[in-house]
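Labels for the chains are A, B and C, by order of writing; each one numbers its residues from 1.
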């Protein structure tokens, strides 16, 4: 009996952690390359969910006339996902061009860019609220829900999808960063941004690529999240975003392995705390554990402390 | 009792041995030079002495009191002041404030008194400001009192840094490459300044320097480090002719000092 | 401090209070003035840590919450008959004298909470410390939500009765008076602190912490003082805030509130007290003026701040004070400054 609920919790934790991992990834990629905490990132996740919502409902024929050819809901899902990732990546890149790049050009202190990021996040949240109203939206059910029971543990296909997707994304990103040229460029920039353009590497292009990667991962997370928990509201990115950011730091910000591990770790902490303690204590205990961990090892699990030379 | 005694000082950064078995005695009034190729561990020694690192092994005693591993601000309060290889002035505070803040440990008041402006607060502030003014005058920086350090010419910034170290009324002054980046004229001024400080303030000075003219002109005594180890120890003339020193710096050739 | 400006402030305060009592300053204006005062305390106290000391603390609302709840709970318990605590512990009229005491206790509680951030700050800076401040803000909010005895997520009320208790003794706009007094004192304390050589130690920490430590500044002690003073004042602002509203709930003290204060600090200029005061006034008044556009307010304000970052990142005043921008003001007051 205990084992059963234990594995159920493990499964839930892995799914919950997947979302954190996918979003944490965007934070860590941008931080690794720009040393910037992109506080708008959690809201990119929200934007992804909303764009997914609109594309899906459009394709389902809720706004305009139905499409001339019939598309199965699963096909709509895949199509929406791809389009959402592209469009959301566009939003991320737009923010980079309009808000972050001018500041980078001016060479101002990193703090100002962080503040700008925070403000962009606020604009996205409250812009959504202002334009679309406070009413919640319901993400259409596109994927057929199937439940399997294995040894008393209930497994839904959505959960499997989320977890498998996240693992695939992790492998894909590790490959990109370690085996491709652009990945090498990303890592080079994280070590020394000044020297890199002197070596003939187009820094801006690499940065744009980083934002594309990060934002599309957030969009992926957004659509998957909306599929698993179909209620959308403008502030959904805020809390999840902050927590994913914390997960990224927990794992060691700037490290991809850190983002994934941190995401899953936070997921595990939250789900298991909620399983054995009253649910209202969940956030409290999770944050307290985090606080204690960061006090002892501020650079996170995989993080490397940058030494100061006197 | 000697002013500073260092015994078997060894320090590792992880697996890298930065300083090895350093032994040194400094008497009051001496001017010791510490030289060696880049990466020899000279600044690490300074960092160990002033408390920024806790030595892996060894003892450091100031007037018989063990200071190894004490927090830097306490070491300063005991009488050791230093300048830095790369200038570390406080750029959003005025030159005058830079000279005041280094006297922080002398203030003797805290939040409450600073808010209430008690007489002891006023006395402390007056004393600190007096010291700062005197130093400004002595170092010829009067004109720049309200300026910001980053606006000063490089040579004057170095002078300010030395002034800041002096404001603590130190017994021992550590100078880390004070001549770095200076032109020949400024170097001559620096040599005069160091000699003058030594007599005027009755200090002991320990100097890291690459500029041989400075080293040979002002030092009583020179220690040479290479890869963290002491390879020579003696008067300037002795060191100049030491084969190992010449090898460490220049390879097999004989140097000629201009 | 410049005794002339203290006099001017006291006169202004008296004028406002008289106006409130005489009914030619209506209650809405009183409310705005109280919000301005509270925001001034919040923004200048955060400026101490984020501006003068150069840290990135994003959880100021957490300390506000600590002060708000401690003061409110004590006041309702001591001075009112409530369903939670039963009859009032002390005669209600004693609230008149004891209100500042409970306010201070709230501030002390918040200052102690500030230790949660101060101690980690010994070893970390910048981005990592920001997360810790975030976590603390969240932990405070979460903890309050779990304390059912004081209302939990539903909130806590009764402060209105506390104000009535005070009014039953003397019929004056008590909270307005206390806000004015607290604001004046907060600025006075902060001004004196940052203008002493002792206080300037925190600027040295911002400019070069290593040099500060090696040049005899006890950086740990200074960080503790700065964080505790900052969060303590935020706690006092919180206590006042609770009594302006009459009701508080944990949902008020989230990252959103912390961000509001951040906006004020960066708008005014890091390391400028005059800037914090001015931006608090501008933002409070501005937000009130645009009350009808409630929803757009938090689109426009961030947008303005982004433009600020692009074109004038140092904020309105940067590192300077009012007397640096208008030297003639400085000359008029300079004579009084002679002795220090």
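Please note the rule applied: a contact is a pair of C-beta atoms (placed from the backbone, for glycine too) under 8 Å apart; a residue touches a chain by one contact, two chains touch by 3 or more.
Which chain is which protein? Per UniProt: B = ABC transporter related.
Source: prediction; values computed, not measured.
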| item | value |
| --- | --- |
| Chain whose Cα centroid lies nearest the overall Cα centroid | C |
| Chain whose mean Cα position lies farthest from chain B (ABC transporter related) | A |
| Cα-centroid distance, chain A relative to chain B (ABC transporter related), in whole angstrom | 50 |
| Inter-centroid spacing, chain C versus chain A (mean Cα positions, whole Å) | 34 |
| Centroid distance [mean C-alpha coordinates] between chain C and chain B (ABC transporter related), Å | 43 |
| Interface hub residues of chain B (ABC transporter related), defined as touching at least two other chains | 52, 84 |
| Contacts with two or more other chains, residues of chain A listed in rising order | 310 |
| Residue numbers of chain C (touch at least two other chains) | 210 |
| Residue numbers on chain C that touch chain A, as the complex places them | 56, 116, 119-120, 123-124, 127-128, 130-132, 134-136, 138-139, 142-143, 145-146, 152-153, 210, 255, 259, 262, 266, 295-299, 301-303, 305-306, 309-310, 313 |
| Chain B (ABC transporter related) contact footprint on chain C (complex, rising order) | 188-189, 192-193, 196-201, 203-204, 206-208, 210-219, 225, 229, 271, 319, 339-340 |
| Contact set on chain A toward chain C in their complex | 31, 37, 99, 102-103, 108-109, 111-116, 118-120, 122-123, 125-127, 129-130, 238, 242, 245-246, 249, 253, 278, 280-281, 283-284, 287-288, 290-291, 294-295, 298-299, 308, 310 |
| List of chain B (ABC transporter related) residues in touch with chain C within their complex | 50-52, 71-73, 76-77, 81-82, 84, 88-93, 97, 100-107, 109-111, 114-115, 117, 121-122, 124-125, 128, 164-165, 168 |
